[in-house]
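Read from first to last, the chains carry the letters A, B, C and D; within each, the first residue is number 1.
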Amino acid sequence: MIDKQIGSPAEAVREIFDGATVMIGGFGEAGSPIELIHALIDQGTRDLTVVNNNTGSGHVGLAALIENRQVRKMICSFPRTANSLVFPELYRAGEIELELVPQGTLAERIRAGGAGIPAFYTPSSVGTPLAEGKEVRQFDGQDYVMEYGLTADFSLIKCRQADRLGNLVYNKTARNFAPVMAMAGRRTIVQAREIVPVGAIDPECVVTPGIFVQGIVQVSDPLHESLLVAEGRSYP
Amino acid sequence: MNNAAAETNAEKIGWSREEMAQRTAMDIPNGAYVNLGIGIPELVARFVPEGREVIYHTENGLLGMGPVGDDGGEPELINAGKKRVSAIPGAAFFHHADSFSMIRGGHLDVCVLGAMQVAENGDLANWSTGAPDAIPAVGGAMDLVAGVKTIYVITQHVTKQGDPKLLERCTMPLTGVGIVSRIYTDLAVIDVTDAGFRVAEMAPGVDFEYLQERTGATLLPPGS
Amino acid sequence: MIDKQIGSPAEAVREIFDGATVMIGGFGEAGSPIELIHALIDQGTRDLTVVNNNTGSGHVGLAALIENRQVRKMICSFPRTANSLVFPELYRAGEIELELVPQGTLAERIRAGGAGIPAFYTPSSVGTPLAEGKEVRQFDGQDYVMEYGLTADFSLIKCRQADRLGNLVYNKTARNFAPVMAMAGRRTIVQAREIVPVGAIDPECVVTPGIFVQGIVQVSDPLHESLLVAEGRSYP
Amino acid sequence: MNNAAAETNAEKIGWSREEMAQRTAMDIPNGAYVNLGIGIPELVARFVPEGREVIYHTENGLLGMGPVGDDGGEPELINAGKKRVSAIPGAAFFHHADSFSMIRGGHLDVCVLGAMQVAENGDLANWSTGAPDAIPAVGGAMDLVAGVKTIYVITQHVTKQGDPKLLERCTMPLTGVGIVSRIYTDLAVIDVTDAGFRVAEMAPGVDFEYLQERTGATLLPPGS
């Protein structure tokens, strides 16, 4: 029988190794797999390359992972937000690398990686500093930039419901990067609010089919990043 | 009102943020699919003229975003500015790659963005001052300007320091090349044409000379 | 108010012009918008380039459109099936063009067209006759073929439910090419088994958001291609 | 049994189609995601060993295809061969681009295909005879062989005319280059190795010499 359930976040992140590339779902706090990130902090895995749209806020979740000096490089589109305190400081001090990618190009690079597409052309960023050093090519008289597919050793994502086969559905705009990161991660680990019996999710409504998922851990009542930040909490 | 009077009462000259948004909303047709940037552009959604139905897209994965200010109360129902929003009946949720396929694929009709600088050739700079110590952050701006059919800009006509934001050429790093169609400022509505900036309308109390003084490129008069 | 409903298939295909490129949904009969195709036959529009996985069967639907000499060129992956009678004959007689594309490449080219991607690289067909004349490029020591995005003037598809905004859900494996063709068609016309009130389709389960749809016509009880073929029927 | 006897009773030598499928099924591990080609490969699903759960993918847009022969009775629930099938609990439907992302992106573990020819370097020809009047048709074969992690072939060892199908080099147009791992024929199980075809097992009544005579490339003996 196939059963992708894992007992705890700690167990779920155990295989993540120093130097790994890790995609982390979420757009701001929506969809952020905060318990998996905290387990990764507990584990102390270092020298990570992290792919996320942002760099976290306050001193919890992704921001805490960065603050704990576990991240060598961020690949993201928007590294500063209202409560983004940790990354800017380390970046200015030259202690963390940044690869800045337009948000749509980031999403498409992740999807391409998951879909076996090594590279594609996009009009986004043509004529801007973010296209510098990249191959530009004309199609039908228009300029496009070549961008590479992006894969990861691990993807950590969050969902609303999962079954033991790894079929997933999400909650509203918390879906964001998770489905494409699930495709692009060689091992995709999901924290699910609820694990339901096989057959409970309508096959017409499955967003991420189980083939893209390698491990599921139930986190029924996940922490709310914005609440923790408002309370001035930090992790660990 | 002459220029001298205008300058002494500078705070009273020109349109308010709401009026700029309202003026912009008049140019968005019924049935349009629209993406609104953060800041004044968000206000546009408040002023959809009677009888028009407009569908709002937020690039983090929602088509059919509810009225601005309608906080659905859910931390996982947010817009691109990470503010809580609601979803209308007939909304759809989707992932980021699908969302940016709508953008890049030319399916959105209008995007309204803020600006640091706009050039008379339609170039836009709105993501980075280019200052050496700035943390660069781009988000979806470059995708929006590259993909959406019509790009409108809403911006104050000059910076807080009084420097013009409408220029012959942008001096800040570009977001996109030759993509702005129309600019709605507190002082005027200005079209970006092959011949440069053409004034379409001026706010009450603003005359052409006044506007030209505050603009870093030669303006073409209305109807020219 | 937005209302994309159209009164009849005849009206729905009215704008399709001679020489147009038309994507037609369906994998075999599953998902084939047969009433829209028949309306196109009634209309007599000629010189079409048609994108479909197959070439129809018997003498109805797509096969009838081809038989009626309205199609100049087919872009497809599998032009012959058990009951494919019309295409092979015209092809051997040199009276119809064929662009043969591997099925996954066809799907990806359509998606790319709809997503504003002018070209991408794929490992499919490398070293085979279908890669001949195409640009081959190495990434990470592996060969890939460059393929172009594909768009259409019109896409004709079929769905299970639609609302007036154009939100669509499909029926089982009839989904196949329809969602990507909806993206790639400048005008996408849908025949829906059922038109439901706005709000009736769960926003988490919408497969094609309304932005990709320009016209909807209700066909409550569509013809079954396989039954027509079994009965030896032909259209018109 | 000697070769002479074998030849007079040719129809009795070797594995049946079901036995070939059963032998293949033994090599598919628990939890594998599997795509089965049309013909004998479809039979593999009947022989999943006790205690294993295997998930079947059909490239037209279904993960979790039901048992072969289980006709769901719905014209819109079909497999890649356009036969009616069923869906298991826990199935998912998706569109073609998503389906081929699973294939091209390396997410499927095993694909079992039929073959016209297989070469000792792992090349496969299974889509076109190359005859000048043939209507070319490729379907998803080229995507499957380019993307799925392990490609198995099930085929009769020789053509109906008695010509070998396992060759030094394919003479028909290729489906993919160097992608076949293992071949299950009516006469043997043969691995494609860097050194060429290596016999892993032979059917009852088949000996190495018999097998070599019917093969268009030099065979390496079992265990070599």
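By our rule, contacts are C-beta pairs under 8 Å (C-beta built on N, C-alpha and C of every residue); 3 or more make two chains touch, one makes a residue touch a chain.
The model shown is predicted, which means the values in this text are computed figures rather than measured ones.
Colleague: Any chance you could name the chains that touch subunit C and subunit D both?
Modeller: Touching subunit C as well as subunit D, we find A.
Colleague: In the chain contact graph, what is the shortest path length, in steps, from subunit B to subunit D?
Modeller: 2
Colleague: Just how far, in Å, is the C-alpha centre of subunit C from the one of subunit A?
Modeller: Chain centroid spacing, subunit A to subunit C, equals 34 Å.
Colleague: How many angstrom lie between the CA centroids of subunit A and subunit B, rounded to a whole number?
Modeller: Centres of subunit A and subunit B (C-alpha means) sit 30 Å apart.
Colleague: For subunit B, write out the residues touching at least two other chains, lowest number first.
Modeller: Counting only residues that touch two or more other chains, subunit B contributes 87, 93-94, 97, 100, 103-104, 146-147.
Colleague: Enumerate the residues of subunit C that touch no fewer than two other chains.
Modeller: In subunit C, residues 108, 111, 115-117, 122-123, 170, 172, 203-204, 207 touch at least two other chains, as defined above.
Colleague: If two chains touch, include that pair; go through all of them.
Modeller: A-B, A-C, A-D, B-C, C-D
Colleague: Quick check: in the complex, which residue numbers of subunit B touch subunit A?
Modeller: Per the touch definition, subunit B meets subunit A at residues 58-62, 74-79, 82, 87, 93-97, 99-100, 103-104, 128, 133, 135-143, 146-147, 173-177.
Colleague: Using the touch definition up top, name the residues of subunit C that touch subunit D in the complex.
Modeller: Residue positions touching the partner: 27-31, 77-82, 87-88, 91-92, 98, 100-108, 110-111, 122-130, 170-180, 207, 224, 226.
Colleague: Under the stated contact criterion, what part of subunit A meets subunit D in this complex?
Modeller: Touch residues, subunit A against subunit D: 1-2, 111, 113-117, 163, 165, 167, 183, 198-199, 201, 203-204, 206, 209-212.
Colleague: Can you name the residues of subunit C that touch subunit A in the complex?
Modeller: Residues 108, 112, 115-123, 139-140, 142, 144, 148, 169-170, 172, 202-205, 207.
Colleague: Which of the residues in subunit D come into contact with subunit A in the complex?
Modeller: 30-31, 33, 51, 53, 55, 57, 63-64, 87, 89-94, 97, 100-108, 146-147
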